[in-house]
Amino acid sequence: MQPINLTSALAAGKDLVAKVQTASGVDVKACYQCGKCSAGCPVAFAMDYTPRQVMRMLQLGLAEETIKSRAIWLCAQCETCSARCPRSLEPAKVMEALRIEAKRAGFEADDEIATFNEKFLRSVASNGRVFEAGLIVGYNMATVQPLKDAGVAPSMLAKGKLKLFPSKIRGRDVINRMFTKAEKMEADNK
Amino acid sequence: MITEKMRDVAKDLLTKGEVNMVIGWEKGTFWYNSTPVFITKAEDVERLVFDEFCTNNLAKYLLDYKTAEGKVAIFVKGCDARAVNRLMQDQQVQRDKVYLLGIPCGGMKEAAPGTQPQATEGLPLVEKCQNCTSPNPVVFDVLLGDQVSVRDTQNRFAAVEKLEALGTDEKYAYWGEMFDKCIRCYACRNVCPACSCRECAFDGNGLNWLGKQNNLQENQMFNITRAMHVAGRCIECGECERVCPMDLPLMAINRKVIKDLNELFGAYEAGMDVENRPPLGQFKLEDPEKFM
Amino acid sequence: MSLDTEAVQQQPATAAQPEGAPQEWEPRIVGFACNWCTYAGADLAGLSRLQYPPSIRLIRVPCSGRVNPQFVIRAFQRGADGVLVAGCHPGDCHYSTGNYFTRRRFLLMQNMLQYMGMDPRRFQARWISGSEGPKFQQVITQMTEDIKALGPNRKMRDVE
Amino acid sequence: MRKVGVFVCHCGSNIAGTVDVEKVAQEAAKFPNVVFATDYKYMCSEPGQQVIKDAIKEHNLDRVVVASCSPRMHEPTFRRCIQTGGLNPYLLEMANIREHCSWVHPDKAKGTVKAIDLVRKAAAKVVKNEPLQKSSINITKRALVIGGGIAGIQVALDIADAGFPVTIVEKEPTIGGRMAQIDKTFPTLDCSACILTPKMVDAAQHPNIEIISYAEVDKVEGYVGNFDITIRKKARSVDMNKCTGCGTCWEKCPTKVDSEFDMQLGKRKAIYTPFPQAVPNKPVIDREHCLKFKTGKCGICEKVCPTGAVDFTMEDELITQQYGAIVVATGFDQFDHSVYGEYGYGKYPDVITGLHFERLVNASGPTMGKIKRPSDHKVPETVVFIKCVGSRDEAKGKTYCSRTCCMYTAKHATLMAEKVKGSKSYIFYMDVRTPGKGYEEFYKRTQGEYGAQYIRGRVSKVYPKGDKLVVRGEDSLLGRPVEIEADMVVLASAMVARSDAGDLARTLGISYDKDNFFTEAHPKLRPVETHTAGVFLAGACQGPKDIPDSVAQAGAAAAKAIGLLAKSQMETEATVSQVDESRCSGCLLCKSICPYKAIDVKIIAERVGGKTVERQVASVNKSLCQGCGACTVACRAGSLNLLGFTNEQILAEVEAVCL
Amino acid sequence: MKYAYYPGCSLHSTGIEYNMSTLAVAKKLNVELEEIPDWNCCGASAGHTTNHLLGLALPARNLAIAEKQGLDVMAPCASCYNRMKTAEVAVKSSPEIRAKVAEITEMDYAGNSGVKSALEVFLKEVGLEKIKASLVRNLGGMKVAAYYGCLLVRPNGIGMDDPEDPMTMDDMITALGGEAVQWPFKTECCGASLPTARSKVGLKMVNDILQMADISGVDAIVTACPLCFVNLDMRQNDLNKKAGGNFNIPIFYFTELLAIALGEKPGKVGVKKHFVSTAQVLDKYNLK
């Protein structure tokens, strides 16, 4: 294992850590690494870094590694960590902020989840609402697993749980503008 | 109409003997002034008025009746009410000795002296009311009239910020010019509801905190000390500035202190209640540490 | 912002010097020092023979909380070029809480003096503990240099 | 016209080497009011002091300035000197021309100028000095100890051994406190009862100690040396004079109640002593549960009592006594972990606390020392210990470290290994803190010899699964979530202040911190005193402490109390605040900022407009005032002044150094 | 009692039973619901983890419309509720955010109209007392585990019940004559979109919950979240097939059981649309 040069890491990660801290409202220095977040995290078993380790890496300035990690994409945003943190820090908010930074930097370690989110939002942007049938099909096509979940689709259609056509709202243009404006404002903010 | 209500309630209180005196305003010599009045007989209540010229803060008159028998009723606008709280916090006025008649206040106006009577709508608000943060009484026994909404107070510290932006020497020159004018009549002090000392540090034959000379230096000593003494206690009634015969911008000093206190030690407005101690009478461990 | 002219325009005045004073102008700094920390710190500076400019005149008070802002103004009136208020570090007050009040009071006072046109370097407050002889030396040296750069104080003075 | 004498010391060459002392004396002679000035090689020496005394006589001096070293060094010396010379000791001022001048300014010319200034300053001040007297107050030679745990017992024994009468007021029916509940003590593993109960008996039998158990302090009046204290003796329903402690009553009592002493794991009767070695070993009736009080029926205890000691009509009794000193030793409570939903909100019977474990492992405890878990009395084989429950947790608990948990958890794991062969203990920790003699070694043995598995991480959730408790944590050293299926979970719950600590603090007029622990007068230098003179602290009421620390602090508090009681009179500060009542408007801002509660309201009568009216003014209690002067600045009118450092004196100094 | 109704995308598709039963309960309990005109998707977790402002603006637009209607919003879906509550709190606490959101949505939302979950409206506002008085039949001791998931109870200050041991639905089960089984996984996360997006990870999470319910001996699980519902209901088949599970635990929306107890025909509230058949359990407790 290569030793980490902490002197340069702190300097290199400073800006990104600051951004994450501002966006999440979490002071990562305040974390005392007790691990309660990771102990209670329902997804920690599948993560490459536990939430505590993500916090630790941010403390040491290893910000780029965190936004390349899969952990931030696996986070289900259930906020168990935030609810139990003895220092009232909110690791879930940090995960959220890291995802946004990762997208901005073009790192999407977990393509599947990133793709799902993207399809989801695209669906909202164009229809104003989520078109679940379209979402499932589009998502599975994009991740090259066209048959996954395909088994349930017919029965869902039969139960009236999937519609073949998207439900579109009248204010679609407003929603579309909202996406553009929100993107621009977040970009300006940085 | 507030005036009618004032008269009714005053008459009622005096007739029933619940209070021995009512302090309010009556019409002054000119159409554009209303002056304090002290009513002790029910038949005199017709003298009471409330209009846009009841600028005087009445609270401090209560000190004259500290030892009087029975209760005194007093009409209080927002600023008068805060002044009463202030005096109660200094334990100079007892709550059960006063009957507070609250009047929500839309702001006081002024007309150029000597002008002919005119509609008050067109007249400008007096300075102290332009940025009033509490037009509604914060303490009262009865409230006459409906609560009014708070005006936009964004410009509250505009004058302060303007002076803060000056260079060091420009500031000194500005204040030097101002304090040079001061005649140390002490009207600012006498009218101030935060100045509740039995005997002022500058009076009496004890220690000479202040020289008798009327020069710039002693005037500086007086004015800075006055600001420090009312720090955290000024309720922004603006009476000091109103009564100053030399038109010194005293509120630009008081508001500077208010602004600093709020920025340094957290929001605090004097006289909003009697419990919350003034900022210089308390501290927090996490206060800003600039001295190192 | 206008140019702060005080520092550049005023030349060291010799007229106001005490009789027989050395040629180089030495500012006059009045220091209020709490008995338990700063006064002891100054004693330690002495014991350790730490040299600093002879500009400071310490007035001993039990606690920095004893220092009335009016003392400060009076010092300027009577000719001080600078005033220092110094006491125990927050948390170390011999009387537990005195310096917390000091901190609030003089933070406000410093702002007020600045607002009135005094250069903030002329009025300073510092925490110097009984073990901080070197810090006492450094504070006095620095403050003396600051004030030397500013020149003699003319503001608020009633003696010419 | 004052007559001031100025004495300039050479201090050998210490001063004279870099200050022209003769010139200083010459200049000083020119100062207003100075009638005599001289210099001398060593002013503090016998002959030097004689110079001063002689000059006082010869020149009729009424004020003295000594220009020498720091007043922090020799002020007491020169005060004594002028006192023997016939002057009030406070008519002295010193100019510090050594530490503040000769030693730091090598330039002789400049140093001399400064020395002259410093002497001028001292001379200007001394003119304003007034003779001051230390006042004195009488001391009642009796101490009150509130709380009869190990700290309180130790304090009482120490004070009593020094020859002063002591009263212990204990809230519970017996003294002994928390230590009586504990099984073994770390790091030596000796039995807690074996070392505590002899001390309890010593206290009971000591001729100078009076134990008032089942009682509380109701009211405190007066001040240091002279506290008037009202003690409420709660109705015991048993006449202490008649009762012999034979135990027939509690044997026959039909009502069983969860035992507080056994942490609800065992039962006691409605008439009871908390444990067999109780002191006094005489029972009380718990009126909340007693059938006689609830239904009017029963009364068996009264019938069986051979001495007729049971008295259902007994009422609370108030007694008032005077004390010179008070020591507070009220101990701690255990943090209530029912705020932790993730640990089951206190609803899982087999999630217990450290104190529960003490009772479970104790030979005289509810399980006779056999460790059985509460739910089904099975012997647990896998036990998880969770540290820092309620400690170091600002979200749901306390910010501080409880200091004792690391050690007692190690002890618990050791006892598990000893008592249940083949058992396995897992300890979740964040840090292991063992700063104490033999502590780190004990921790090492727990891990090594006794095989406790330490896992670094906080537990996130405990939940039942079948008859097991699943414990989820992260091994943060490994960076992986871990799970343990345990039989029992022991929480090292924080030590917290007694729930009624705030009330007692208000009764006593002492301060307490954000966590309701009583605040010491100075965190380093006055650790057992409070801001209220005459009130001292011992044990965990001041902050979490283990037994050795509590006992040590108890000894310290006793020494302070003895120091006070040993005097028949106590001198108070001469440099205290003084109120000019004619000027005081009675706003009492001063009262709120006085750290010693030395300022109170006083009602004075005066003539106003032909009639007498009453008004309030501030009044300084000279015995309590420590002379900090904070009040003098808070007073805008300047009606408060600090003797020895008056506004007049300080302004005179300011003017003198600015000349 | 009247609320602006925000069904959200799920209740129009995968959560159609939730919609049907909610409307049925509302009718039985005289809660008037007026659907928010032209409502849009709240963005769910994809929204706020992609763009913070967008995550606030999407729900804020709906709230702004409701504010114009002068009504508080009822949002049955836990995710929609959580997003709307977050937007409500954010806008109320910061004028700056309020301004930004207004700029994006082209509507000012002042925070006057708040959001309540269906649980709050039916079980707290209407209240169990009134419900008990209107019961037509009871659950006859059916052993039901209440499953709340994450978003209803977290984070602190936004959640509508205790984050570790909520009781709102348990109390309802008891009131309806069922046995509210106390189990430790009431608020354990079901994985949200993970069973779809990363099925291995997500299915393990669902599996853990179902297993715990199974060993707790329940007849059924009741939930108030369409995503939890889909994960627990639809994924049982997957687990049985791919992971060797043997689950057959009927999942209900709380509104379904409530509507049935209030006298609605089970078929009318959508219980036949579930993947795991509800017929057996309804039969067992005479609730057909």
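What to note about this one:
Should a chain be cited, it is by its letter among A, B, C, D and E, assigned in written order, with residues numbered from 1 in that chain.
In this section, contacts are C-beta pairs under 8 Å (C-beta built on N, C-alpha and C of every residue); 3 or more make two chains touch, one makes a residue touch a chain.
Because the structure is predicted, anything quoted here is derived from the model rather than measured.
The minimum number of touch steps separating chain B from chain D is 1.
Where touching is counted per the definition, the chains common to chain A and chain C are D. Located most centrally within the structure is D, per distance between chain CA means and the overall CA mean. The largest tally of C-beta contacts between two chains is found for A-E. Averaged C-alpha coordinates give centres for chain D and chain E that are 54 Å from one another.
Each chain gets a centre from the mean of its Cα atoms; for chain C and chain D, those two points are 37 Å apart.
Separating the CA-averaged centres of chain C and chain E is a span of 67 Å. The multi-chain contact residues of chain A, meaning those touching 2 or more other chains, are 45, 80. The multi-chain contact residues of chain E, meaning those touching 2 or more other chains, are 163-164.
The residues of chain C that reach two or more other chains are 69, 74, 91, 97, 101, 105, listed in rising order. Taken together, the chains touch in the following pairs: A-D, A-E, B-C, B-D, C-D, D-E.
Within the complex, the chain B residues that touch chain D are 67, 90-92, 196-201, 204, 206-207, 209, 229, 277-278, 280-282.
Remark: chain A residues 23, 42-43, 45-46, 74, 76-80, 82-83, 90, 92, 95-97, 99-100, 103, 110, 112-113, 115-118, 120-121, 123-124, 128-130, 132-133, 136, 139, 148-149, 152, 155-156, 159-163, 167, 169-171, 174-175, 177-179, 181-183, 185-186 touch chain E in the complex. Taken together, the chain D residues at the contact with chain B in this complex read 580, 582-589, 592-593, 608-609, 613, 615-616, 634, 636-639, 647-648, 651. The touching residues of chain D, when paired with chain E in their complex, are 340-342, 345, 461, 463-466.
Chain C contributes residues 1-6, 69-70, 73-74, 77, 90-91, 97, 100-101, 103-109, 111-119, 124-127, 155-158 to its touches with chain B in the complex.
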